[in-house]
Each structure stands twice: as C-alpha cells, then as structure tokens.
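Working notes, structure below.
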Amino acid sequence: MQRIGVFVCHCGTNIAATVDVKAVAEALSHEQGVVISQDYQYMCSESGQDLIKNAVKEHKLTGVVVCSCSPRMHENTFRKAAASAGLNPYLVEIANIREQCSWIHKDIASATDKAIILGKAAVAKVNLNTPLTAGESPVVKRALVIGGGIAGIQTALDIAEAGFDVDIVEKEPTIGGKMAQIDKTFPTLDCAACILTPKMVEAAQNEHITIHSFSEVSAVKGFVGNFTVTIKKKARFVDETKCTGCGLCTEKCPMKKVPNEFNMGLDNRTAVYIPFAQAVPKVATIDPNYCLMLKNGKCGVCSKVCSVGAIDYKQTDKFIEQKYGAIVVATGFNPIKLDKYDEFAYSYCPDVVTSLELERLMNAAGPNGGTLLRPSDKTHPHTIVFVQCVGSRCDDSKGKQYCSKICCMYTAKHAMLIREKYPDTEVYVFYIDVRTPGKNFDEFYRRAVEQYNVHYIKGMVGKVSPKADGKIDVQASDLLSNEQLHINADMVVLATAIEPDKSARPLATMLTTQMDTNDFFTEAHPKLRPVESATAGIFLSGACQGPKDIPETVAQASAAAAKAIGLLCKNSITCNPCVAHSNELMCNGCSACEKVCPYGAITYQDKEFRMPDRTTAIRRVASVNPAVCQGCGACTVACPSGAMDLNGFSNSQIMAEVDAICK
Amino acid sequence: MLKISADKLNSLFDAISAKQTLYITVDNEKGSAEYKKYESGMTLSKSLNTVRSAKDFFFPQTENLADFKVEGKNIEVIDVREESEDFVVFGVRACDARSFTILDKVFLSEPVDSYYKNRREHSTIITMACTKPAETCFCTAFGMDPTVPEGDVAVFSDGENYFFLERTEKGKKFIASISDMLEDGDTAKLNEVQEKARNIMKKLPLANLSTKSFGGERLMKHFNSEKWAELSESCLGCGTCTFVCPTCQCYDIRDFNTGHGIKRFRCWDSCMYSDFTKMAHGNSRNSQLERFRQRFMHKLVYFPANNNGEFGCVGCGRCLSKCPVSMNIVKVMKALEDKE
Amino acid sequence: MQEAMIKRAKELLADGTVNRVIGWKKGEFFYDATPAVFRTAEELDRQFIFDDFTQANVSKYLVKESRKDGKILAFLKPCDTYSFNQLVKEHRIIRENVYVVGVPGGPKLDIEKIKAKGITGVLSVKNENYTLKIETLYGTEEMPFYEAISGKCESCKSKKHVAYDELIGEDGEVLESNRFDMVEKLENMTAEERFNFWQNELSKCIRCNACRNVCPACTCENCVFDNPKSGVDNKAPADSFEEKMFHIIRAFHVAGRCTDCGECSRVCPQNIPLHLLNRKFIKDINSLYGEYQAGADTTTKAPLNDYNTDDCEPSIVHERGVE
Amino acid sequence: MQVNENFEPVIVAFCCNWCSYAGADLSGTNRLNYPANVKIIRVPCSCRVNPMFILRAFQKGADGVIICGCHPGDCHYTSGNYFTRRRITLLYSMLDFLGIERNRTRLEWVSAAEGAKFADVMNQFTEDVRKLGKNRRLEDLRCRKQ
Amino acid sequence: MNKNQKEWIDITSGVNVCKCMRCGKCSATCPSYDEMEYHPHQFVYMVEKGNIEPLLNSDSLYKCLTCFACVERCPRGVEPAKVVEAVRLTAIRKQGNNHLIPDQIPEMLDDDLPQQAIVTAFRKYTK
C-alpha cells in the first residue's frame, strides 16, 4: 500500500496570498495512499527540506508530493532531499500551485479549488511512480566553440588550459570577430588589436586548439556528452597548409574594386585578400563572386605569383564529421540595418556613419590610415554630432525594444579620442540617458565631459538633412533649455542598436536550443544559470546571449568554459532516467517506433519466446538503448499496442492525472 | 381460435402499448430486422428473424449490478436494482422462444439470478409462427415445430388475419386483456398455410441434420477428436457468433471508475476472446483451437450433459450468416457425426 | 479459374517448392467458403473453391503461417496483395516463407446484398450475362448482377497485383474509384447531422471485435483493448462513448497503414459503414500530406511515421468545410 | 441551445516541458491572469500526447482539451512537434468528422518567451469552450456528475 | 490637477502618456517648434502630470500643423499629435471658445494662402 507524504508550501505569501494552503493540505490528506499532509512556510528552505527528510524516515514514505512552485525551479532540490533520506528521487512529484495557480488567479476560492485538483493529480501520479536509477553515458573529451570572436577565443583558451581539445569554427576567413575591427577599448583606452592579437596567436599556437576558419556548422546530431557535428569547410581556393601569408598575391591581383567588409565597405580590397595584417590564420582567401578566374576563367595572376603554389581554383566545400562532449555558442552580434531610419539620412549621405564605421575611420589600419576625415570629400571635420539610441529602446517594428548597453560607453570613448586628437573639432552628443554602470565607467564618461568638454545635450535628434554645401543640418531638441537646436555638422555618428548574428537562428534549430523573440539565445535561468542553455551540454558565451561589452563578454566566456570543463572532466554523465522502455511480450516488431525516434535509440533483435499456446517462437522485438534515448515519447504514441512506455511519464500515470483533473 | 384482421394489427399494437411498453420487430434501412420500442405508425418486420436475438430483453449486453460511492478512504455500496416495468415482446420466432427456456435453465436455477428473474417475470412473449424459413434454419433438428412456437402467446398468420393461441397462464391473462379487439375465426386457411410451411421445413437443406451423435455421453470421444485442428484453423477468435447467438449466456463482471465512484457492471463475454476466463496464471484455454472446441462442446455436449439432453443450440442460423469466415456449428456437427 | 489454380497448386506441391497451400474451402452452401490450408492434392480436388463468393482476405493468416516451417503458397487477389505488402513492411510476414500467386480479383458477390432484398431460402445462384438467376425454396428470383456486388468491390481502388511471385491471368491497373464520395457527402453535412449519423450508426455496435480481428492492419500481439493495464480496455458498450472510443482509437492505429480492403465493413454483423472512418483518414492524408497508398510498396515510410517541415497546421480543420 | 451563465468548463491542457510549460511559468511570473478552469499536465514533449489521453479526458468530463508545444523547429527533441502536428491534425479532423464541436480541441505553439501569448490563448480558449456549453457529444454518461 | 479632464483627454486621444521616455524626438522633428509656446514633449509630460490649465489657454494648441511627423518618429509609439488634438478639443468644446470667428477671416487672407487651408483651419478650430 502506498505511503505518501504531501507538503504544501506557503512560499511566503506568493502562494498563501491567494491559496488557502491549510485547506489544500487538509483536502489532500483524504486522498488515496496519503499518510501525512502538512503545510510549511518555505519548503525549499533548509528546514523545509528537513521536514521532508524527517517525514520520509519517520513515516517510511514511499512517495512525496510537494505543492509548491514550478518543477523547473526546485524539482531537483526536493529530489535530492528525498534521496538523502533514502527515498528514490524519482518518487517525488511537484504540483505547480504558484506560477500556474496562485500567481494568476485573484479569487481565493477558485485558486484553492484549483490547487487541490492539481495536488490530487500529483498524488494520483505519485501512486504509480516506479523507482528509477539514472543510467550512465560516456563523455567525449572534446569541445566545440562556434564563433571565433573574443568570446570564442577566450572560451577555447580556458578549455585548452584545462587540457581538453577544442575546435573553433569561424565563418570569416580569420578569427577576431568584431573586436578586431575596434580601434581603442573603454575604459582603459588600450588598443583593441594590442590586447586581442596575442590571444589570437596563443589560440593558434595552442596544441589543444584547432581553428576551422572560413567554416560553418552544417548539422548537429546526438546529445550531451555525445554530439556528432558536421562542419562545412567553405572552399577558400587557397591551400591552408602551403600559404605563408606573404601577401604577394593580394598585391598583384588585378581585381581591386571589391568592397572591404572588414572596413565596413568604406574602402576596397582585392579579390584574393587577407582581411587584416594580424589575421589568424594568416592565409589568403579568394572571393568567388569577384575573382575573374573563378567567374569567367580568365586571369590566374595569383597562382602565377604564388611562390609555394598554394592557389587551387578547383577546391570545393569539404565536410568533416567530429564527435564532441560539449558545445559553446559564441556567435556574437552585428549592428542592425538602418534602412528603415530615413530621418537620419544614413542611406543617402556618406557623412552619416555608424559607430563601427567610425571605429574603422579612426583606426590606423582603417581606410584613411588613422586620420579622421569626412568620407565624402576627405576633409577634416570641425563639428561632429553623435546620436544615441538609434534603433535601441524602440517599441515599434523598426527597431529593438532593449537597450544595447555598450553605445553610451563607446560614444564617450569616441568623443574623448576625437577631442584629444583634434582639439579644434566640436563634439555634440544627443542622449536620452547616459548609462555607464560598472567599474570606472562613470568616471570615464565624466572625464569626457569635464576635461575634454564634450557637449552632452539631453534630447533626441529629430531630423538630419544634408545641405547643398556639403554640411549637414542636425535638428534636435534640447529638453533642459527647452529649445530646438539646429547644428551645422560635418559628420553625424549614429550609435546603432546591435542584434544577434544572422547565423544564430538556424544554429539554434540545429542545436534544439531555445531563442527569445529577438533571436538572442535563451539561458537556462536568467539569474542562476546565465551561461548554460536549457539544452544540456550547450553553453552560451558572449553577445549571442544578450548585448554586452568586452569585459562582460570575457567574464562570461570564462564562465562558459568553466561549465564546459565541468562537463568534460567527467568520464561519464548520469543521463535522464525518464527514458522509454519496451515490453517485449507485447511488442509486434513493426518498427513504427524506430522510424519516429529522433535519436535512433531503438534497435531490433530476434528473441525466443514461450507463446501463450505453449509453443516457443522466435520474435522480432524492439529494445531501447537507455543511454541514447532522451525520453521525448514520440515512440509511445507510434506504438499501437502500448508496448513502448516512458519511465516517469507512463501512459497509466498520465491517464491517472487526467482522471484526477476531470474528477 | 381468436383472430384479428391484418389491417387492424396496428390499432391492436396501440392498445397494448397504451397499457404497457411494447417491443416489436421492425425492418431498418439496412434491410435487417431489430427489436424496437413501439411508436404508433411502425410496421411489423417482414424478414424472418432479427440480427440481435430477443435474449437482450432479459440478459442485456451491459447491466449495472451495483454502485460504490468513494469518499477518500470510505466506500459505501448502493444497490441499483429497481423493479422492471411490465413489457410485451411481439414477433419472437420459435427458435428465440426456445432459447428463453434454455436461458431460464441457467439463470433461474439455484442460485437464481435476480436481475434476470425480475425482467423475466414482467415480460409477456408473443411468438410468431414461421411461414418462410431460410436455408440456414435447422431448428427442426432440435425437436422444435416452428409452425407452432412456444412462448406465452403464439400468433399464426394466414395472410389476411392473425390468430392468437395462449400457451401459458400469462398468455391466457394477456389474451383476456385484449379479447375485446379479437373475434373468433375459423382456422381452415391457417391449417393449409401451416401444412405448406411444414413440408417446406422438410425440404430445407439442413432438415436432416441429426443430433444423435452428440449429447453428454460422447464427451471424451468428441473432446479428443483430431478434427478440431482443421475446423478451428480459420477462426479469427472475434466473438460475433457468441454475441448474435440467442443461447450464449457467458458474462464478465468488471468495475468502472467513474471518477466519483465505482460502477460494477456485468457484460456479455465470449469464450472466443483471448481474455475469457483469464485467471492469475493466464487463460486456461490459451490456443484458438481450445477456445473453438469449448464453444461447440458446450453447446453440443456439456449443456446436454447437465440438462438431461437439452441441447444448447436452437438452430436459428444466425452464426451461419454472421461469421466473418463462415465457420459455424453446422459444419462442426457434420464433421463430428459418427459415420456408420 | 479455379481449375487453373488447383492445377498450379498441385504442381507446386509436387515439386516441393511449397509444402502447403492457403485458399478457400467449400462450405455447406455455395456462398460460405472458409479460408483453409491444404496439404495434399487430394484435399485440393475435394474441397478447394474459388468463385464469385470467395472474397475473404487471407493475408492476415500469413502472419502466423509464415512463421511455421516450410514455404506456403498463397492465392492473393489484388486488394489482398496491398495488405500483404503492408504486413511485409512491418515485418509481420516473413516474405521468403510465402510463395505468392496473384489471382484476378473481379467483382465478388455478397450474399447479404441478396438477402437484404428480401430473397430468402437461397439454394443456388447462376450468372447469365449479368443478371443473377437465384433458385430459392420459394421459386426462382432474378436480380441484376451489379446490385449484388460486395460493398468493397463496388469502390475497388485497384486491380493491380503489387506483390506476387507468379500471376494467373493478367495484371490489372490502379482504378479511378469514387471511394471518397460518401466521405465528402458526410463532410458537407453540418456538425449536428454528422454527429446524429454516427451516433445512430455506432450505437448499433455490439463490440464483437469482428472488425478488429479480420483487419490485416490490426495484428498486435496483445491489443490495447484486451490489455487491462492500457486504461482503454472496454468490453461493455455501456453507452455511446465506449464504441466511439473503440472505433476512433482503432481507426487512428491503422491510419496511414489501412489499405482500404473493406473487410471491416463486410464482416460487421450490424452493417456499420466502418470503412468510412478509415477512408476519412486516407482522404485527409492524401489531401494534406500527398497521395499515399498503404501497401503500394514495402519501403516508403507511413505518413504518421514521417513528417516534413512545412506541413499544414491543425487549425486547417477549423477553417475548411461547413461549421 | 442556451448556455447557462455560471457554467464553468473543465479544461485540460497538455504542455510540453521545454517550451509551453516554461511559457506558462512565464505568464505566471508576469502575473498574467487566465481562468482557473485550465489545468496543466506536464509532458516531456507534445509528441508524448496520445489520442487516448485526449479521449480519456473527454470521457471523464472535460469540456475542452488544448495541446501546447514548441514552435516547429524549436523542439528540444528536433522532430517531436512535427509528429504531433500530423497526428493531432488527423485526430481533430476525425473528431470533426464525427460531429464533435471544433472549438473543443485546439493546438497552439507557445515558446518559453511567449508568456503573454500563453495567457491570451488560454483566455480565448476558455471563452470558446464556455460558449459551447457542457461537452455532451463525447462524454461517458456513467461519469456524468449529477 | 484636474482629474476628469486628464481622463477625458486620455480617452479621446487614445494615447497612454506614461509610455513616453522623455527623449524629445517629437519636439526635435516638430516643424513649428519655434512658434509653439509648449512643445509636443511638454504636452505629453504636462498631460501626464494633469497640469492642463496652462495648455488650454496657450496659443500653441493652434500652431500644430498635424503633420504627424512626431507620431511617425516617436520610438515608444506615443502619439503626441493626438494628445495635442485632444487638448485642443477640450479647449474648443468650452462655451464660446471658438478660436476662429468668421468675421476675423477677411483680414487674415492673403493671396498665396490656399483656400483649402482656410477650410481645414475653420473645421479644426471651431466647435
């Protein structure tokens, strides 16, 4: 006979406010098999868990029902508590009477009735629970980092540091990501390249790290500890092993009219190119859309000049398959498209640039070799206007609802650098609020205002209209002095909102991870598990999880690496015991389940059976590999005779819950 | 003998149904007959017999035996039996009428089945003589004269009017209650119709089916006959023959959890099912051969052994036409006959 | 045709390719042939029959027979071969233990159709250029051939043998059949009328399981309705819900696997049009997921075991047809 | 047929553990109200919902059954909800074929971030079912509560 | 703080003034910013505070050209032009408060003022 303990949590007033917990406990005490039913203020607290432990020991309980918050929050806590008292952890059931009852109903009577019904359903389910032990599955001691920006590099280095092999997959010809394009970094103003390139070189030289540049992930199969990933190495028409990065081919290439993405299209590059001097791997890449040889078969200059014969026009995409134990997503961010913001005249005035373009204009390796000139007529700009929150904090379909977090700091940095290098240039910054939280951030911003007297004007820019004489009229409102300003500017810099990289959405589908409506990866728990995704074995590093600056990105990169190392250092991981199992006597061997199993966990064998009519017969029956099965349950419905059932969510358990609810 | 003209039959039905509920045989749109509660305007069925036999009136396919009220841990038993109201069944054929006597032997002998008894006492069976038997009929093989059926009141038709003859005490009372609508009539034309029917009976293909090589004493011989393998190989074990058969009387008792209590009900069970008489160790007859043999041995050997020679089959022919693979009792009898 | 089949069967028995034959055995009357297994030539001569009334689908017996030792010869009509293929695809029949001889289907007659016309005491039936001369105890009757055709042959979907080792007579081809007309008629009714139609039909069900036990797609070792632990084991037609539950679940279990052979409606003692439920699923699968004929081959995945990413949404049920 | 005003429908919701159950939790944390008639059963994936459960719910007296799953493409088990979509489309089409009112059954894709959508769907579905009144066409008379 | 007047403005304008994040973009794009005593962002802010009296008797109510540039450009979807219109209607609906009296028109006319402008102004500024 079952001996079940019911514990109803007050959760302070979260539940007790709209659910009469005493009545729930009293009502559930009459349920079948319930021997003890009590309520307590905080079940998840230390004393709450002790309540469970003592009750299990004292009443020799065979099942525990906790009516509290969502199982997604404290199911493990209560399971561990029961386990430490000697009860199999999978004999504990949670009734969600907070998120799905007390918080969403105002009327106490109906909320209490609903809580009682949800409690009854949990008791009905626990009556049919069977003790389960988690199986083991091996862990492949290798990690995959998708994305080669600072986040990916930092994570890879930390994992390699722990002695595990790491593969970095970067879709650009070189690792480095957005940070490589940045000139100086806040708040210390040290040059981005100076702190990034050593890390890139370290990553290249580390024997545990292999870099797959100009490659993409094309397919992911398997599950935590045992992912099988297919990497597509895009054809770069240059043999990586031979090319020494001398750059001779890039000088001789006749096709010089290719817009240079690295400089945001502000200048041109040749068809065969090396993105920037410190590129890692320092290997040339041929752009098939522009190379005359590849497009119409005439030219071949680069293969002639190449001393080591590294050019190979016949190269095709190669696919490699590799097994990994953990995957870290570091796909980074991109500025949003500004074509919908015609009030800032970005699309038809060359002197209206985004902040990233300004980074390139000011960078020594940039289009004008470091001197800041107006892109239109290459003259020295005397007045520059910065516009904050372009596309951020917008509640309309054009922009993003969230604040992009890094624009206030990098605009202060730009303003300070310009004022320092060109004291004669006036700098205006139109802001809604300046948000500079963090160590030395506000002091940095105040220095920009006080020492370099950058004009910070509270008010938004309404209209930017280029005038005939090349100047730009910026019409903005100054809320503090309550007037409308017209500034005659030479350049306008827009602090553009940032969004996740376009490759993130298909990748999420492959990895079966969740994404929010803005395409940022959803973390397992916003406060308690920020660097893991809800899918076990997949970790999030850097801006793919949300807008963040370099210090935070590096912090999160190392955190993701720590989590990945925590997984890889185990020889085997306990896997989900709620897996399917087949009742061989009832199995027809019709392989309907095998066809619907997404993980291929079901195999067939011929076994001898004593048939009901006392003859023995060889029958083809299914058997589920508990290590591979993830417990989705598709097979249990495909199986007509109900031979296939799922531990923890069996047919009879769910039917018992349905009965309890419809009682 | 008392009679009523054919065209006034419906008004007779109206009179009867005014006093107590009346069920008559009606042809449905699919061309087969069934028993239906009489509403004025219904016409009596022309076809020979119904698909579902009349046993349903006394031994319904599903019947609630008791209810249990469950409140948390205490259970309360509620007796759901209530007195059945009087009813009349019109149009029962001779074979079905004989099946009631067989069922009475089972249900009314000690310990008496109160549910069955309650309905049986409140019923009045009006049988109709057969004039156009089908080729599948073989009731004569079991000592029945279809032209003079049993039941409480026998009704004979000579084409224009219907003659009523009481056969039991209850029938006498019934005829008395409707005697004002009947008048006396000579039975000359009727005897001629009966004579014609009788010699058709003789010409039936299964007329000379004999039952003398069956009965209680030949149990071991038939049980060990090696013909069962061949006979039972095509049987699908579906249970149609048992559910259309008027004399099958096996039932299963089950509990149904309605959410706020338990309903204990009994329902027809078929010896052909794989879970018939399933016990702790499993089913004692676990091959289709044993189940097939059990069905026909019960009809032809076990029942006569326990009921001094009365066979369990009434030769209505339903299992002949309704079996999906056309295996039936006639083929079994012909296969197991002692060939002198 | 029957003689050719007996002759071929005897040859194959004689040269040892098969050690037994499955076909139809004469019954008491001319119309009640029973599927039977013959082992000797003498039995074949004495009892084997193949005529207008032998319409039972024997492929379901092969599930058990193909597991016995020795090869078995099976005479399969075109619609039986679809069921055969479906069972082979689901590894229920061991293909190499069966030697399939395709025999022409041809419209079969159904004695129930003759009796439903009020003709009783039937002794013999002869077919003279498409009108039936019926000898009965009460004189001879006449009836047009087409009115006695069995329900499943009326809407025959294909005369093409999709699985055979050998053919007697020539092979037909897939036909354009009007088998979905009744389904469409029902779909165009209002929900109220449809519910009354099915309530009236399904309440006649006496739960005799004939439809399940004859269906070649229903070959579970332990059916969910016989297993008390499944939660849906119901034996009692207590009220209308039990039958609806039984028929919906059964139709769902054979959805995408039912070859529309029509046996379930043929054997139903209460003549409930059960094939309409299966045809509704077939019509939906064809219109939503592309034409699919179960049993056409032994490789393609059944529609319910497969998916493609741009399937329609379930709300399509709300948008189409009559409210 | 008239629907009495104080009729409170019983609604069973099957929510998949990864998306819609998290969506339900999110609508809870945002305090977005939806009627108390809806009771949620957690299943690992929407493909775990067997037509037998749906019929069982209606048998035991539920008036509406709604299944929530991840958006096609988001399923934690890659292809779970694709199978759900086919099975449930066919099942709902069959129930409609048998004359059961269409608004008694529904399938909705709700991601973990769509708390508001979850609350709206539940509010709207409860209203639809309340308009239809007690489930008379697919209930088991023995389970009817007096 | 005139409570029901604010509610009436909220209802007629259909605008939720709390959505404004005080960025000032509406005033930035307002072409008749200079002529107006109270600017669009001030309309929204003062209506939210309920301080409506000064708005009612200020001339800026009639300077708004209803060009809807502010509605188009507001990042938070607040529609300042509708708030201005609602306040204007509150003013006009008071007894005898028509901003434009027919006999004032002749001396306002000048030949390059389109006739249509007079008709729309008359409709907008009178009850």
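As written, the chain order gives the labels A, B, C, D and E, with residue 1 at the start of each chain.
As a working rule, a residue touches a chain if its C-beta (ideal position, glycine included) is under 8 Å from a C-beta of that chain, and two chains touch if they have at least 3 such contacts.
Keep in mind it's a predicted model, so treat the numbers as computed, not measured.
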{"item": "Chains in simultaneous contact with subunit A and subunit C", "value": "B, D"}
{"item": "Graph distance between subunit D and subunit E, where chains that touch are linked", "value": "2"}
{"item": "Subassemblies held together by touching, subunit B left out", "value": "one piece"}
{"item": "Selected pair, greater C-beta contact count between A-B and C-D", "value": "C-D"}
{"item": "Most distant chain from subunit B, judged by the mean position of its C-alpha atoms", "value": "E"}
{"item": "Geometric centre: closest chain by C-alpha means", "value": "D"}
{"item": "Separation of subunit A from subunit D, taking each centre as the mean of its C-alpha atoms, in whole Å", "value": "31"}
{"item": "Between subunit C and subunit E, centroid-to-centroid distance (C-alpha), Å", "value": "79"}
{"item": "Subunit B-subunit E separation of Cα centroids, rounded to whole Å", "value": "91"}
{"item": "CA centroid of subunit B to CA centroid of subunit D, Å", "value": "47"}
{"item": "Per-residue overlap in subunit E, given as positions that touch at least 2 other chains", "value": "none"}
{"item": "Multi-partner residues of subunit C (each touching 2 or more other chains)", "value": "224, 230-231, 238, 304"}
{"item": "For subunit B, residues that touch 2 or more chains besides their own", "value": "256, 259-260, 274"}
{"item": "Touching pairs among all chains present in the structure", "value": "A-B, A-C, A-D, A-E, B-C, B-D, C-D"}
{"item": "Subunit A - residues contacting subunit C, complex", "value": "585-592, 595-596, 617-620, 638, 640-643, 651-652, 655"}
{"item": "Of subunit A, residues touching subunit D in the complex", "value": "70-72, 96, 98-101, 103-107, 110-111, 113-114, 117-118, 121, 508-509, 512, 514-517, 522, 534-535, 578, 596, 598-599, 630-634, 636-638, 646, 649, 651, 654-655, 657-659, 661-663"}
{"item": "Interfacial residue positions of subunit D with respect to subunit B in the complex", "value": "60-61, 140, 142-143, 145"}
{"item": "Subunit B contact footprint on subunit A (complex, rising order)", "value": "30-32, 612-614, 659, 662-663"}
{"item": "Contact footprint of subunit D on subunit C as seen in their complex", "value": "183, 186-187, 191-199, 224, 230-232, 238-242, 244-245, 248-249, 251-252, 255, 277, 280-281, 284-285, 288-289, 303-304, 307-309, 311-318, 321, 323"}
